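The following pair of complexes shares a single chain, chain A, combined with chain B in the former and chain C in the latter.
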Partner chain A sequence: MSDDIFGKVGNELSENAISGMVEEELRSHKKEDASLPIIKLKLAPTAESVVDIAKRREKREKSQVSGFQSLSSSNLAKVNLVNVIKLPDTLSQTQKLKKVFRYRRYGMQMRDVPQLRRESKPLPERRKQDFGKLRRYRAQKKRLGLGLIMPAMIIFLLFSWMPIFKTFSIAFQKFQTINSAEYVGLSNFLNILSDAKFWDACLHSGILSAIVIVLGTWLPLFLALYIYEARHGSSLMKVLYFIPFLTPAVPAAILWKWMYNQGFGVINSLLSLFTPGHQVAIGWLTNPHLVLLSIAIVFIWKNTGWAILIYMAGLQNIPKNLFEDAALNGASVASKIKNIILPSLVPVIMAVVFIQIINGMQVFSEVYIMTNGGPVGSSEVIATYMYKKAFLYMDIGYASGVAVFFLFLLVTITLFRMNLSNARKAAK
Partner chain B sequence: MKKTAALAIVFAALFFLQARAQDENASTVLTVWNMPSAADKNQLDVWGSETETFEKMFPGVKIKGISREYKPQEFVSVMASGKGPDVAHIPITAIPSMAKYGFLARLNSFTDGWDQKDYMPAIMWDSVKIDNDVYGIPYDSYFTTLFYRKDIFDKCGISGPPKTWQDIITISREISAKMPDTWGIALPPDMFYFIDFIWQAGGDVYSQGKLNLNSPAVITALKFWSDLKFRYKAMPPQDILYESDIEQLFSAGKIAMMPGVAKQLPVMARRYGLDISNVVIVPLPAGDGGAQAWHAGGEAFVINDAISPEKKKLAFEYIKFRLSPLTQLSRFMMMKQLGMIIFPGDFSCATNLINRPEFANVKGLLSYAHAEPTYYKWPMIREDFNRYVLEKVFTDSDVDYRQVLYDFMERIKKEYNE
Partner chain C sequence: MANRKFLQDDDSRYLFPVYELKDKKNRLIYNVWGIIVAAGAIITSLPFLWMLLTAILPQGLIFAPVAKIASDFSVDLSSFKKAWELAPFGLYFFNSILVAGSVVAGQILISAMAAYSLSKLKPPMYQVIMALLLSTIMIPFETIAIPLYLFMRDFSIAGIFKLNLINTYWALILPGLANAFNIFIFKSFFDKLPNDFIEAARVDGYGETEIFFRIILPISRSIITVIAILNFVTIWNSFFWPLIVTNEPNIYTLMLGIYKIIEEGQPWNIVMAAVTISMVPTILGFIFFQKQIMRGVLFTTLQE
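This part shows the complex of A and B:
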């Protein structure tokens, strides 16, 4: 029913035609007042001088024909064509309707409404003697910006970039004692290439990231969709999902370690409720095949909150009229997700995927506290391996080499992501 | 206005720096990393009182105490930055690697003429010596022992602690039969405890400068641990129980016996509500061949190699003071006065209090004590052994011990040129 109106709105519509259609629409959508754009029309008072609804209603009553019926495409011509609005074809249906009703309200184009037109004043005359002042002002403005940014810049360079440069220089050294480093060229990097433990750690980091991508990308998306569509309590849900993100990693890992405990952990106890007479004793952190999944779950639990927020921001940027048009066309939820949400959210999903990959590769606290790389080395990831090489094996040069290698890996992923998004923009 | 404010800030900064410099000149500040944490209020009081006495004895010296548990990354970072403490307390097992990297001062010149030296057990000195160079002064000593829950033993009608490996099996069976939810013993996959079983089986891990980790003694000990878990069901069914899990289960009365060092008990009481009066400390049982063995560990005072010779001298005076019989005796008295539980681990291993009843449990333990190798790669090898041997044995009931040990030795050869 409601999509008929869009079928009938052409480039030329008379006021009578519009008001008839509007009234019919209002009657048919009395209960669906939340999302239909047509409802906005209710709020717009009609200018008496332009459209006399009462008179037209009288006319319609006389003719005993409803406005909608009388305005079927075949008899549009019969209606009084005094106020005809010309609408360009390039406008969407919603934009056309908006224009139509603005015209109805003011009786003219928006730009011609006198009270909305701003009086233009002439620009002040440029005097030669003011140029010096202007230059000084500009210079001051520049210096101010520099002065304001400097403290933060110094701290940033000191605590972010200096350690990076230092790590680069240490990566080419071997320490016999802390004060006698010897330059070894690329030897640390060559050793990394033949270090089976390092590649095992890389594999574990990769598996962890893969689990995080699969679960950590789609779960927050569905939760975000649910929150976006929820009529009640969406703010509370956002807060509840965001709280784990605010929990520091160490207490969170300790908490989960207890929950995962094979003998007396709450997870196995809960599972035991479903198996009467049998105590479930899954080794979440002690089974080499399960341990990475268990760590990934903790990581996802902790990071779902921010991913939901990013998705929510993405969802709010999708033009509402797409949903409105889809609703008017009777699209199902699945169809809306497939045809509107997913295509519109591709850049956001890609951003979340890459951030999750990078975060997943960097995971340290959860592994260090919950398993310390065990059992049998099955949860050793790059970050814990690097830490152990530096502080347990005291091979600081080698550990720095691993750090540099790791940095390049992450930079490559980031560049790949940037290239991908640039290519998408170019394609558009 | 702006200029005045800027000048005021500059003058204030100069005044502050000057005041600080004057303060530092007035007294030498000795930074020590051995202050108890604020959570141990009584211990902190005892430490404060000793520090006060020292400062009175050396009027020009001020002690700046810092409460730090030894964490390798923290210690390495702070020492490498040149801002490390002048004196620190670190585990003796950490001394070889820290000394190798040049953080620790060589102390032979101080210890050679020190009269207290000979009162310390030789095994403790062995732990802080690398090629006859002394890098630490042993402080406390501890021994790995067996804790058992007297209440569980009483309930099951077990008269005394296990004396042999076979007794562990027998007692565990009795406990499981009478208390189905309780297990006899739990062992963590940690070389720290496993090494005692190797010694009890008549072997050693490091001899004549060579690692010896695939000897028959190691296989016997591995087989015994595996049998305890899979064959005799003396241990809880969980794949792996780490030390903290075992402490928790023992405190909750789910495990009747566990290996440990006496110092763990107050921590377990505080963290998990263990009733210490229910716990009895006894020597570890002997191996099948009757060999009794456990290992002696402890902490040692070390001096930062980066400080001036004068400060090093002062730092040694501080260590001497802390280890002097008089300080040890006054510590004992104060702890008694404050109603604190006396643990031998709170006192110097050279203590002359060994005949006090509080020390009865450790008296004589030295006779069978062994020390871990003072080899700088040992902490790394130990970590790898936990990971690739012990965790494997606990997670796989059909493991081939010989193959696992062979693979491990191959790995060690490749990684550490052993």
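This part shows the complex of A and C:
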């Protein structure tokens, strides 16, 4: 800005004014090179003349007599005048400067010359001890980082990573007693592959998962859609559906075992009300064709509330204006569900499907307590089969082989899910 | 005024806002759907009613058909007393609370420390650690149960001291501490915390350890509550691992104790009384922490 002013008023500058300017420049730059902004002046003073001005100024200060002050002879007036002239703050920087130059022309000296530039502070010097401090700080941070993660590392090493490797190594061993094992190569795996019971268990887990996918995914969606819209009792219904999710598996399984009871269970008893004169006796847990469905019903009963919660969170994120457009075009409820809600909920539905599959494959307590794999092994799932092999028949090597299969199965499902979600993200 | 509130509520409705309900067909769909959902809610809670009913019925009535129960209904609370005397429930509750409490406390401390380290301090081999932790999430607990059991039986760290931890609290607590999922939840929380918090504390002269314990932990109180409640419920409900590592009644957790009662072949009204007793903490917990539990379940699922 200052350069601009010099450009504009440069023609009319008197010697006095120039000296004032140089003074200011000197003051604002202090040790810096005073000649830099002055180069733009039309009447550029040479280096000698700058020195000249400085000398003249010294002289003037020594004599204490200058311009307007020299006109008035009394000392009193001199002191007062210097203090009286002040620039109003409303003026812009440029106007102030112009005024200052104008007064200078008449030989008046200004006390409060606006400073154009702030005094620049020198950067703090880099000292050796500062580097030391930085290094110490970094070392402390690194040490703390390691120290904080160490307990977790030790715990995970002992109770997560080592067991995984041990599962693989035990799968190649045969245990005569629990303390003596010998290396038998692949024979465990070969036995498992030709073990009809193992494949039955896999099949049962698969059937269970299939039922869970169909009922455990679409039923909660059906319920969630209404509960989201409901005008009355929406939160009560949500809570009622959610309580079974928190119910521990053991009491739930015992409760359902009692309800499924063939002779005296409440389900058969209630069904009998609809068939007068005839006692319904469905063997929910004793009929080999029904038992998996019965277990799946318990599983779905337990997990519906959770799925409803997830779906309702997903529903909140659908933009409202889609439905307004649909309403203007006269869309029916069914077409709104089909064309707006289902496509927007795809990621949520996928998440629910996969979590339900993985949980369904791992189901243990319900099966173990309600049927213990019975009748005649028709509800044996992978987890119960593994448990029995390891802790009932003490065939630990064989059970570890089953565990390895199980691990591969579940990791495959998880990786498949990750791939799907990544592909969907990439498609967007 | 009421109308205005009604319309405001309507902002979030997709299928059945007010203007759609003026259509007769839509109103029919809305009502029928509502009846089905409400009926489903009642059916969902029927098992609990049946549990209570069986527990309070006299011995002679529990095997009767529904119609007979309705006609000569009478209350007999003696089965609760019998169930309480049948098994040391006080001990089971104590064991469950001790195990779940120590697992949760340990988990939170360990996970929060590890997550803070991974999020803000970036320890060496950051990528490797993250990958290793991520891999443990995919692994189901059932597959590592066998080696863990063997490890608990001959517990030793680098062969220095040998202990048999079967039938001790340690066997129930230690494997529960390794939960990578908590670390990721904590990490995603810390990642969102601005670094300015930490910088400001540093300027104020806090040491790095002090920053963690006096700034970070108090800030993350909300997430700690959620994680604590959810993990407490999980450990409280766990059955598979206690079944493997305990076979002495004085170490049984509540779930295992209940299971042993049914294994003994007690009459159903006593079993149901025991189940009711075991459900009391869950119901109480749900009443007190309903919001946190629902929020936590949502949060953890959506994190995955």
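Note that in this section the second predicted complex is superposed on the first by the 265 of 428 C-alpha atoms of A that agree within 3 Å, B and C clash if a C-alpha of one lies under 4 Å from a C-alpha of the other, contacts with A are read in each partner's own complex, and residues count from 1 in each chain.
In the analysis below, a contact is a pair of C-beta atoms (placed from the backbone, for glycine too) under 8 Å apart; a residue touches a chain by one contact, two chains touch by 3 or more.
Fair warning: this is a prediction, and the values are worked out from it, not measured in the lab.
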item: Touched partner set for A:L186, first chain B, second chain C, both or neither; value: neither
item: Touched partner set for A:L91, first chain B, second chain C, both or neither; value: neither
item: Contacts of A:K166 with chain B and chain C, given as first, second, both or neither; value: second
item: First, second, both or neither for A:Q316, with chain B first and chain C second; value: second
item: Touched partner set for A:T304, first chain B, second chain C, both or neither; value: second
item: Touched partner set for A:N287, first chain B, second chain C, both or neither; value: first
item: Chain B versus chain C as contact partner of A:F391, first or second or both or neither; value: both
item: Touched partner set for A:A423, first chain B, second chain C, both or neither; value: neither
item: Contacts of A:V404 with chain B and chain C, given as first, second, both or neither; value: second
item: Residue contacts with chain A in the superposition, chain B compared against chain C; value: C
item: Overlap of chain C and chain B interfaces on chain A (superposed complexes); value: 178, 261, 263-264, 387, 390-391
item: Contact footprint of chain C on chain A as seen in their complex; value: 140-142, 144-146, 148-149, 151-153, 155-156, 158-164, 166-167, 170, 178, 222-223, 225-231, 233, 236-237, 239-252, 254-259, 261, 263-264, 266, 269-270, 272-273, 301, 304-306, 309-310, 313, 315-316, 318, 320, 323, 327, 333, 336-337, 340-341, 351, 355, 358, 361-362, 364-365, 368-369, 383, 386-387, 390-391, 396, 399-400, 403-404, 406-407, 410-411, 414-415
item: In the complex with chain B, residue positions of chain A that touch it; value: 175, 177-180, 197, 261-264, 281, 283, 286-288, 373-377, 387-388, 390-394
item: In the complex, chain C residues that touch chain A; value: 9, 11-17, 19-20, 26, 29-30, 33-34, 36-38, 40-42, 44-45, 47-48, 50-51, 54, 62-63, 65-67, 109-111, 113-114, 116-118, 121-124, 129, 132-133, 136, 138-140, 142-151, 153, 157, 174-175, 177-178, 180, 183, 207-209, 212, 233, 236-237, 239-240, 243-244, 255-256, 258-259, 262, 268, 271-272, 275, 278-279, 282-283, 285-286, 290, 293-294, 297-298, 301-302, 304
item: Touching residues on chain B, where the partner in the complex is chain A; value: 72-73, 76, 79-80, 97, 100-103, 189, 236-241, 245, 249, 254, 376, 379-380, 383, 386-388, 391-392, 394-395, 415
